Amino acid sequence: MPTIFFYGPSLTREKKIELIRGFTKTASEVTGIREQAFVVYLQETDPGQVGVGGELLADRQKK
Amino acid sequence: MPTIFFYGPSLTREKKIELIRGFTKTASEVTGIREQAFVVYLQETDPGQVGVGGELLADRQKK
Amino acid sequence: MPTIFFYGPSLTREKKIELIRGFTKTASEVTGIREQAFVVYLQETDPGQVGVGGELLADRQKK
Amino acid sequence: MPTIFFYGPSLTREKKIELIRGFTKTASEVTGIREQAFVVYLQETDPGQVGVGGELLADRQKK
Amino acid sequence: MPTIFFYGPSLTREKKIELIRGFTKTASEVTGIREQAFVVYLQETDPGQVGVGGELLADRQKK
Amino acid sequence: MPTIFFYGPSLTREKKIELIRGFTKTASEVTGIREQAFVVYLQETDPGQVGVGGELLADRQKK
């Protein structure tokens, strides 16, 4: 029962489905484990809660 | 100072307390470490943010 | 498909089974989700890789 | 700078590369973020450290 | 591309920036890796979702 | 009881202590929570288990 966590931006419902399908398909093909066994957690991260290079991502994106 | 993360459904306040007590009691008994040392993080996961078997959990639950 | 992570000490095989059973039973009872849906990851953490109160856990345990 | 964690079985070097490429490509296409920004952590999990349905995965696999 | 996760209380925007800067500076100095390579995720945890010593943190804080 | 996870390179014992001290001091100063309450998990990540920009970190480092 492998598990995938994705820490990234907010996505539309369609994009979430696309991401879950893509990750599960790839992981199932590479590992040989059936798709039903995979769980994917999409952890939306607000740019005001993420730091990149010592700066708030929200501030970097304004530049 | 062991740490437990639970990724699961939304729970009422009473259920949260019950889960925290149960996890802490079990972990303390099994490891022999005093209950005061345990931290539990309940990470509520929205069915619209979780994929199971390549599908959105929110969609599977409708079936 | 809820998921539980446990960051704690090394355990014997018997203790691991006991911990997995206890966590799964508690979580299933509290959430009403069947036991088969739960995944537990035991992440053994070496006292030489953990800090508590600003000190290496390995050093605190010697005191 | 999105981040992906994969908790799953041990893989050969070739399979690891394939998994990292696949995850990164999919995530970049879905989010519109350039591939260079993605980090993937492959967390190999020993079947003797994972519980599924209240049992050790190592024991389930023997059945 | 090292990654830091912080599970802790809600912070003001200024405090978040201070924490991200401090973590990144320390980690860069200790590891010798350039600051630009570090990602920090601030995971705000509600005291109603955290257990300490078998109790809800929200309840401990009232005592 | 805030918790910090660091996913990064292997470090000497001295460097680990330095990192734990630095993270704990910074986090305590910024949050106003006493140092004793902080737990830090150093998760060493092998360059052969990390992907950056779709490539194995181990391969990027050779370039």
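Letters A, B, C, D, E and F mark the chains in the order given here, with residues in each chain numbered from 1 onward.
Keep in mind that, in the parts below, a contact is a pair of C-beta atoms (placed from the backbone, for glycine too) under 8 Å apart; a residue touches a chain by one contact, two chains touch by 3 or more.
The structure presented is a predicted model; accordingly, all values stated were derived computationally and were not measured.
Distance between Cα centroids is largest for the pairing of chain F with B.
For the pair chain A and chain E, the distance between mean C-alpha positions equals 20 Å.
Centre-to-centre separation between chain B and chain F, using Cα means, comes to 25 Å.
Of all residues in chain A, those touching 2 or more other chains are 1, 3, 7, 19, 23, 39, 41, 45, 50, 52, listed in ascending order. If you sketch which chains touch which, the pattern fits none of the simple shapes: not an open path, not a single ring, not a star, and not all-to-all. Remark: the chains found to touch one another pair up as A-B, A-C, A-D, A-E, B-C, B-E, B-F, C-D, C-F, D-E, D-F, E-F.
Across the complex, chain D is touched by residues 13, 16-17, 19-21, 23-25, 28, 35-44 of chain C. Chain contact summary for the complex, chain E toward chain D: residues 1, 3, 39, 41. Against chain C, the residues of chain B that register as touching in their complex are 1-9, 11, 15, 18-19, 22-23, 26-27, 29-31, 33, 45, 50, 52, 57. Contacts from chain B toward chain A in the complex involve residues 7, 45, 48-56, 59.
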